[in-house]
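Every chain is named by a letter (A, B, C, D, E and F) in the order it is written, and numbering of its residues begins at 1.
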Amino acid sequence: MDNLLSEGLELMVFGMGFVFVFLTLLVISTGVMSKLVNKYAPAPVAKAATARKPAAAAPSAGASANNDELVAVMTAAIKKYRS
Amino acid sequence: MDKLLDLWVASGIYNISPGQALMMAIGLVLLFLAIRKNFEPLLLVPIGFGGILANIPEAGLAFSAVENAIHFAKPEVLAGLASALGVDSADPHAVLDAYKTASHSAHTAATDVALDSGYNNGMLYNFYSVAIASGAAPLIIFMGVGAMTDFGPLLANPKTLFLGAAAQFGIFATVLGAVALSMTGVMDFSIQDAAAIGIIGGADGPTAIYVASLLAPHLLGAIAVAAYSYMALVPMIQPPIMRALTTESERKIKMHQLRHVSKTEKILFPILLLILVALLLPDAAPLLGMFCFGNLMRECGVVDRLSDTAQNALINIVTIFLGLSVGSKLSADKFLDLETLGILVLGVIAFGIGTACGVLMAKLMNKMQGGDAINPLIGSAGVSAVPMAARVSNKIGLEANPQNFLLMHAMGPNVAGVIGSAVAAGVMIKFVG
Amino acid sequence: MDKLLDLWVASGIYNISPGQALMMAIGLVLLFLAIRKNFEPLLLVPIGFGGILANIPEAGLAFSAVENAIHFAKPEVLAGLASALGVDSADPHAVLDAYKTASHSAHTAATDVALDSGYNNGMLYNFYSVAIASGAAPLIIFMGVGAMTDFGPLLANPKTLFLGAAAQFGIFATVLGAVALSMTGVMDFSIQDAAAIGIIGGADGPTAIYVASLLAPHLLGAIAVAAYSYMALVPMIQPPIMRALTTESERKIKMHQLRHVSKTEKILFPILLLILVALLLPDAAPLLGMFCFGNLMRECGVVDRLSDTAQNALINIVTIFLGLSVGSKLSADKFLDLETLGILVLGVIAFGIGTACGVLMAKLMNKMQGGDAINPLIGSAGVSAVPMAARVSNKIGLEANPQNFLLMHAMGPNVAGVIGSAVAAGVMIKFVG
Amino acid sequence: MDNLLSEGLELMVFGMGFVFVFLTLLVISTGVMSKLVNKYAPAPVAKAATARKPAAAAPSAGASANNDELVAVMTAAIKKYRS
Amino acid sequence: MDKLLDLWVASGIYNISPGQALMMAIGLVLLFLAIRKNFEPLLLVPIGFGGILANIPEAGLAFSAVENAIHFAKPEVLAGLASALGVDSADPHAVLDAYKTASHSAHTAATDVALDSGYNNGMLYNFYSVAIASGAAPLIIFMGVGAMTDFGPLLANPKTLFLGAAAQFGIFATVLGAVALSMTGVMDFSIQDAAAIGIIGGADGPTAIYVASLLAPHLLGAIAVAAYSYMALVPMIQPPIMRALTTESERKIKMHQLRHVSKTEKILFPILLLILVALLLPDAAPLLGMFCFGNLMRECGVVDRLSDTAQNALINIVTIFLGLSVGSKLSADKFLDLETLGILVLGVIAFGIGTACGVLMAKLMNKMQGGDAINPLIGSAGVSAVPMAARVSNKIGLEANPQNFLLMHAMGPNVAGVIGSAVAAGVMIKFVG
Amino acid sequence: MDNLLSEGLELMVFGMGFVFVFLTLLVISTGVMSKLVNKYAPAPVAKAATARKPAAAAPSAGASANNDELVAVMTAAIKKYRS
């Protein structure tokens, strides 16, 4: 019985301790990694901008859609439908 | 007329036990909660249905061939089983007890006898063996969850990992609670049982099932049902605790907009996490390894068809069989027990303590930093229950300040909670497994 | 030059037996029927191809490791097998006979000897073990069929269940036919064989395969081929019978438009059916349980992604392996037999009797109700063969009255036939399994 | 031999009998269930009506499609295509 | 504090061996090549990740239960294993050696002891058993490849099959190379090893894995990594060889436009190929049988849903587990070996010789026909590596003549190479398997 | 050792020989098959023409798309989207 209690207590102390140690190390290493990435391999600004564009543009896709896009979409849809 | 009598004697009505009837009713209640109340239906529909199937009298769907042979108790078969298992008595109960504790070679011998006598494994028993006893299903689902997880918000604000750490206190407090119940003689949980029960507080279905299948398979049904039910109840369990522990002004804290996280960071994160697991806690490697693998497939951008399958066809297939398999553990003799009540009570306490610790940790972090960087409402999301807990944080935040959208901020601790409870699972498997 | 001789002696041309050549031709015929004549191609393409693979000489794809070892008949291996199986003679035929009737432990011992000697299970043998011998594949397909089934028309007019009941008479009449063939000494069917053959009349592939795998695995190939072939022939088999048993005016009967069936009814129906199965016929629980589970996933509306997977990726994957596995049973020594002819003849009789009984039942119901509520043409749909039989009812109806669309009305008895033959399967498994 | 015949006959009698008994009980219980459902939990009429609408409206979707719908469809199609 | 010490002693940092660290680094390099350099990412992402998982210290993910038990080396367990395996010494190395060469019954007995002692198979070990040791995964992937293959260009110009034949010379030359390395004492390859290494030259992942799993499982990791890496390097390996062996005017040869190939021809081709395999080389039946089955599903037009699943959900699922399973063979003791270096060197030679032979064969065919019917650049596509090698042919062709599109012409030898190396695989399995 | 060499050489000779024999037979039988197919079961010309059409027409699908096609595509896309 006492054994069970001490086991439970140990599990709690070491378990929580370990979780914190592990996640602290993860916070630190993630921080280091992010810094290194942004220093040595920064996301190309232009590319990031375009990458973010579609999401923003999506709602207005209909308005800005020129004929080319319409054709492309329809072709794709037809193919999808017929396949 | 013999045949008519046979049919009647073999029918469910003739054979149904009160326990089976009650368990079938519980299965129906789970279906009701899943379908009408939207309680984690993806799991609770298969679990509930599997529970009903498992309790169909005489069908033996959740039994192994040997258990089926013992159930029908033909003397010559029992004698064969007794000899294979090395017991003197051919009494069904004695044979069954021997079977449950048999060595693997005796187990194989008994199975051969049962199969030779024409008994077969039930369908759900086979599903359970392949899906859960092998450990495969929870791991494959965790891979799919990894492939669905966006670590962007976490990477933008890595300190929220501490919130995910704090919320795991619910797990370990519950272990102590289970130990206390045992010590006071109310129930009889081993330390393994206590650990498996505690993991309910991790608010992560696959993790809970994986740990329970390793540490306490006999409690798996109750643990899985409790885990998924409480996850569905997060919008009811968490808000009062969150309100009680925060002031109006704390709830109004606006957080900085999250920075943009680059593709490279997202690719490197699962690898970093994997290496940390490899170096520090190998026992968490299956769970977190598959999780990181799924996430890497998602983020690397070159295996989209694999990522897509992991998130759809594969996870759906495995979910169906996982659910039915969990349901197979909802048999009357295992579920209708005081222990199940204990598990349900401890589970809700675990959720509550986890929620509270997450919120308090956020407040502590604000104190230590001497600023108002973190709205404590996102701390509760650290229990995981993705994405429900994050939505709850957002909702309570909006009540305090209709312009304050906390959802993305809460996603950080939310996914951190997944990592945290997998780490906690690894510690438990290491220490009591 | 030795190697050249080796190659030649091991080649298919050198070794092919007339039986194998004939079976490969039969496989090609099945492919032709499936591809050009559109005979249930989803099953008959894999079955036909599997049949060809199974008969490739020397490849042993449908053989177990032990059968492969016996085939190549090295004296020292045969001696080892004989000792493992407890026979005195090392004659290949004697060893093979002993293997087929061996206990599970002797089976394991023989397999160990064969594997140690470098022989392996054939690919199709492995597929068969996993897909069919385990019982899993037909049940998973039945789950998918459940997820594709709309019980709306049945719920709108539950009395059509009687039509689905009557059409099962084809099953039991065929059992008697097989018994008669045995008693007259023409063929040699056991009661298990007769029951498995009868189920062809259920016009349900998965049910037929499930029952055959339990009651008469040696006839599984012929039974599955017959079942799927006749399902494809429904548009040819049924119309003459339907026309002969109905008058022009009966065929013109217009039926009331079906009432709207609510979502709640559709959700409750599979649960109701499951409970009835649980209470009355536990032996039908695997088949009807999985069927109801699939249907519940479809109707409950909260697990659409699971239902979608059950109807697509999962059922397709299982169909591929089920088909190849059934094909593995198309070996010359099992298929080229007078019994196969008997099965084919009995199968078509079963379809005919089932069709007739469905139509006659509809006429009887009209008599008893004293009205013209039911167009007898929908009775034939009670054999199932979903949705082909319902389309046939519709087509014959349109011939009599171009304004009379019977399709939705026929879907009621059509899906009732699925339930009916699963119940019949349960009774057979109970009585002769 | 006689044994086989009697087994076959018994199987027929009890099999067909059981199938009819089972399906009769299913007819009855289904009827009861439907009545109870329609009495205590009738499908909301309005909802049912709208639920049935789309099916009816589908063939004329093109005709009635206003610009909003077009935009929505195209956005969806584009997303589907690009993903 | 005991527990703290336990954690530390069980951690990865404490236990990691230099070999494991190096292998994890190699896994990271594979991930880098796959993600950044686009080296066959569908396979190399899972393989690289699996390689890292397999080398996590103390986790034992790639070990069987017995290997895990031996690793932890408890005296009483070792004694039990030694007795089960029939060795006198309970020394871990002796027990491990005995385990590796044990008969199947001793293997089962040892596994029972390990399981009874609480050790389990590692996750990756289970994946490997189900996916590769059973032979299933490469065959299912080959079925999917068949369902993705269009034989139209080959059927329009069947003579390009000779190019696919000639390119297989790389396989057999490499076998000789491996034999030479063994005879000079540099390395120690058996004839089985040599054959498995040679198949790298077939430039077909599933074929290489299938052959290696049968003939040389201990080299499977290195062989698979070499095969997929070199396939990715085809655009670098082939062009210099192609340029060196052709003149400018040869590279400018324009080929006739391909004739239209009818549906019926496309349907009959896989059946024809299957029959030829059945008659001539039964040992190639599993590989080419599944390939033809996939292709028939694609072309027959009546089972599109099966074909679609074979090309998507099914092949994706199997690819995930195949990749992880291959990765499980990247353990330090098997991979960090001089032999791996030999395999890598021989592999690239195999690709080079295959490329050269394909090109030279095309030139020979032009000579024999006395015309310029074939642009020799398409000969290199005969190594397979579909469709990369065909694209290389096209690219080099465009360099010589910007109007000369060779892609479709190169697809003929490209898919012929798949057939050719499967045939070569069958010959090897027949002779040295 | 010599044994290994002779095994390797034999494998090479018989392996390559067999590969060539096999593929030669495949060339011959494929040729015969194609001839028989084109003689006794030629692809209906009209059908083949239409079968080839969509591929050719696809790029101009947008231009030639009349309203019917638009409706069909949109209906399909809407269904796909809503399902």
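Simple rule for what comes next: a contact is a pair of C-beta atoms (placed from the backbone, for glycine too) under 8 Å apart; a residue touches a chain by one contact, two chains touch by 3 or more.
Being a predicted model, the structure only gives us computed values, none of them experimental.
Greatest centre-to-centre distance from chain B is found for F, with centres as Cα means. Note on interfaces A-B and A-E: more C-beta pairs are in contact across A-B.
Put simply, the C-alpha centre of chain A and that of chain C have 48 angstrom between them.
Centre-to-centre separation of chain A and chain D, using mean CA positions: 40 Å.
Here the CA centre of chain C is 24 Å from the CA centre of chain D.
Multi-chain contact residues, meaning those touching two or more other chains, occur in chain C at positions 3, 7, 280-281, 313, 427, 431.
Of all residues in chain A, those that touch two or more other chains are 10, 14, 18, 70, 72, 74, 77, 80. Chain F meets chain E in the complex at residues 1, 4-5, 7-12, 14-16, 18-27, 29-31, 33-34, 37-38, 41-43, 48, 52. Chain B makes touch with chain C in their complex at residues 3, 6-7, 10-13, 16, 24, 28, 31, 34-35, 38, 41-42, 45-46, 49, 52-53, 55-59, 61, 109, 111-112, 115-116, 120, 123, 126, 312-313, 316-317, 319-320, 324. Within the complex, the chain C residues that touch chain F are 3-4, 7. Of all residues in chain E, only 103-105, 108, 134-136, 139, 143, 267, 271, 274-275, 277-283, 285-286, 289-290, 292-293, 296-297, 300-303, 305-306, 308-310, 313-314, 427, 430-431 touch chain C in the complex they form.
Those residues of chain A that touch chain E in the shared complex are 10, 14, 18.
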